[in-house]
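One chain, chain A, links the two complexes that follow: it is found with chain B in the first and with chain C in the second.
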Partner chain A sequence: MRTETLPALDEGLADVRPTARAPYRKLLGTATIVLFAVLIPLALVWAPQDAKQGDPQRIFYIHVPAAWIGFLAFFVVFVGSIGVLRTGKRRWDDIAASSAEIGTIFTTAVLITGPLWGRPVWGVYWTWDPRLTSYLLLWLIYLSYLVLRGYVPEPARRARYSAVLGIVGFLDVPIVYLSTRWWRSEHPTQFVFERGGLPTEMLITLLVGIATFTVFYAYLMTVRVRAGRLQEAVDEEVFS
Partner chain B sequence: MSWIAPSLTIAGKDLRLELRTRDVIASVGLFVLLVVVMASFSFPTTGEGRDAVAAGVLWMAFMFAALLGMGRSMAIEKEDACMDGLLTSPAPRESIFLGKLTANLAFTGVVELVILPVFVVLLRLAPAGGVPLLLLATALGTLGLVTVGTLFSAIAVNTRGREAILPLLVMPVSIPVMIAAVKVTQAAFAGGTGEGTVAWVLLMVAYDALFLLVAIATFPYLTEG
Partner chain C sequence: MNDWGYVAVAYVGSALLYGIYVTWLLRKERRLERSAGDLQPR
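What follows is the complex of A and B.
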């Protein structure tokens, strides 16, 4: 049954398949694997053990890069959302939606790795520190964005609705940070970055971590955006 | 400006409808009263830290009131294709937003002004010198909440989830203005002084102004097709 419908789909998909971009995607995929192969020994062995925090500190090398991607991905959602409203092109919606999905995963990783580090170092899994609080809210805004998309079946409408939420949500993030900072100003919890200047090995490992996660994000974006295009092509083929 | 007159006409339509049916204010008012009574049973409302609890309870109640009222107010436009009528009228789309915003502010504001004295009496609060500050917090907090809510209610009403999805959209984004409003209200209950009250008021002003502009700029896109 499936094989009968496939040839027709295949013809329709021929022009969508971005064959020219495939090497580019493969390059990003390979680079991700290579960078992770470098990052893991750097983070686990090469970087010196932290004098105060011990080995739990090493989670820092994936926690901070994941947090960076959480923000970067939301910025891409914002740019994609503006693109949707300005041009009405579905391509921008693909970018915004893909970035939101990937960003949610990285943000979730941040919220999981944070408490895993916090428990041995701070003695608690969670504290209402401004960074933690605003990151939790960032995660909630991401989730509401994805839930909204699930509630609007028509693609054009879904694109515009989620674009408005993407713009409002992104602009909200700095205000959230400011307000949670003032909110807990009576409990200064600056001990996260208290130590002055990282040792060179730690800094290099962190930078490699950020590079790895950025390439990984770019790779996931190319895969997810392509999946979105194929989905569109299938929809057109099946419903036309 | 050419936006103002049509906005007032649209707001006037909503207010006239409300005066005749009393749908929104009656149901929302009773609902908020019930929230306040329920909260009085659920939280310690006497002794130490009462001002902080009271401020939190009050804003939870206001948040629910605004959500309920805004959802209802946009659902009315959906019935009998009322929104299509508005869209085919010569009123600019920005005016439709400002009109709905004005009507929602009026509904929420009336409910809040009725509930505030009841709340102060029920929880035996004494905001003696803090009344102007309390009114300022209510006004600025409500403006922020209702601006974002009116924008998102135009989204929620056209989704499969209808009113159920509105809180999911409004709550995460409105946290900063809620924190600020609670802080200033707390200061008002404590007699009109509090640490950093001016900064919180300014934060609300900035939030309101930013999202008012964003809402006016993006609302027209929500009404297409």
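What follows is the complex of A and C.
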């Protein structure tokens, strides 16, 4: 196992940059594969067919966990962004940037699976419903976050600018979550944990889905944070 | 497309998206690992 530490960077966001692999990374990767191998048959075979929506409702078991990770990832961006502005430490910027990239992948998956669930149930792939519109806005905000990072070459300035966008952008998350309560919406509301909500088999499958996607997110974070630190170390050496 | 067609496209499409991202990320990490290794003081 590599244990060396690359030289500290000094761009106004000085920090020691360990680049060893996280010791629990292999465990997270293995757990992700095992959990997906459990989730797929649960979602496609074991969970009962929905009485109203039929088989397209099975998309729910990958759609909702991906949406949960979208929220979780952007909460981490929010926390990391506050960390950047308060402490100036680059490790917070590494975490925020990594979480934004991964969150964008998961929100993209939500925007792919949602219309594929909506078409057979609502009759249309897309409608300008408050939940769908605010979620699309969330995806665009974090896409802008990634684009912004690509356009600002100086690390300290890039960290500060993207931290501001990371904090402001997070304001859309509660709007997305509460949109089905605040406005008339076609999208299902949060009935999952309420009395008379999901049948047991569906609830268990959903919880396995949420656990699977959470472990997958943690695995991706260990890889992406390390790749980000290696990239900065290489850039620093090349441009110094 | 029938009902299972939508389910299949959603599951396969998601798997492709996640799979392509993980592959790209691991390859990028490996490439950077080699570059950073070359920069270590000997």
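In this section, the second predicted complex is superposed on the first by the 193 of 240 C-alpha atoms of A that agree within 3 Å, B and C clash if a C-alpha of one lies under 4 Å from a C-alpha of the other, contacts with A are read in each partner's own complex, and residues count from 1 in each chain.
Criterion: a residue touches a chain if its C-beta (ideal position, glycine included) is under 8 Å from a C-beta of that chain, and two chains touch if they have at least 3 such contacts.
Since the model is a prediction, treat every value here as computed from it, not as a measurement.
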Margin query: Which partner chains sit in contact with A:33 here, chain B, chain C, both or neither? Use first/second/both/neither.
Written below: neither
Check: Once the shared chain is lined up, is A:113 touching chain B (first), chain C (second), both, or neither of them?
Finding: second
Next item on the list: Would you check which partner chain A:203 touches, where first means chain B only, second means chain C only, and both and neither mean what they say?
Entry: neither
Notebook entry, point to check: Of the two partner chains, chain B (first) and chain C (second), which one does A:147 touch, if any: first, second, both, or neither?
Noted result: first
Notebook entry, point to check: Now for A:168: first (chain B), second (chain C), both, or neither, which partner does it touch?
Noted result: first
Next item on the list: Mind sorting out which residues of chain A both chain B and chain C touch, each in its own complex?
Entry: none
Check: Which residues of chain C touch chain A in their complex?
Finding: 3-4, 6-7, 9-11, 13-14, 17-18, 21-22, 25-26, 28-29, 32-33, 35-36, 39-40
Check: Can you name the residues of chain A that touch chain B in the complex?
Finding: 85, 137, 140-141, 144, 147-148, 151-153, 156-157, 160-161, 163-165, 167-169, 171-172, 175-176, 178-180, 182-183, 185
Margin query: Taking the touch rule as given, give the residues of chain B at its contact with chain A in the complex, in rising order.
Written below: 148, 151-152, 155, 158-161, 165, 168-169, 172-173, 175-176, 179-180, 183, 196, 199-200, 203, 206-207, 210-211, 214-215, 218, 221-222, 224-225
Checklist line | chain C-touching residues of chain A, taken from the complex the two chains share | finding: 2, 4, 6, 19, 40, 44, 54-56, 58-59, 62-63, 66, 105, 108-109, 112-113, 116-117, 119-120, 216, 220, 223-224, 226-227, 230-231, 233-234, 237
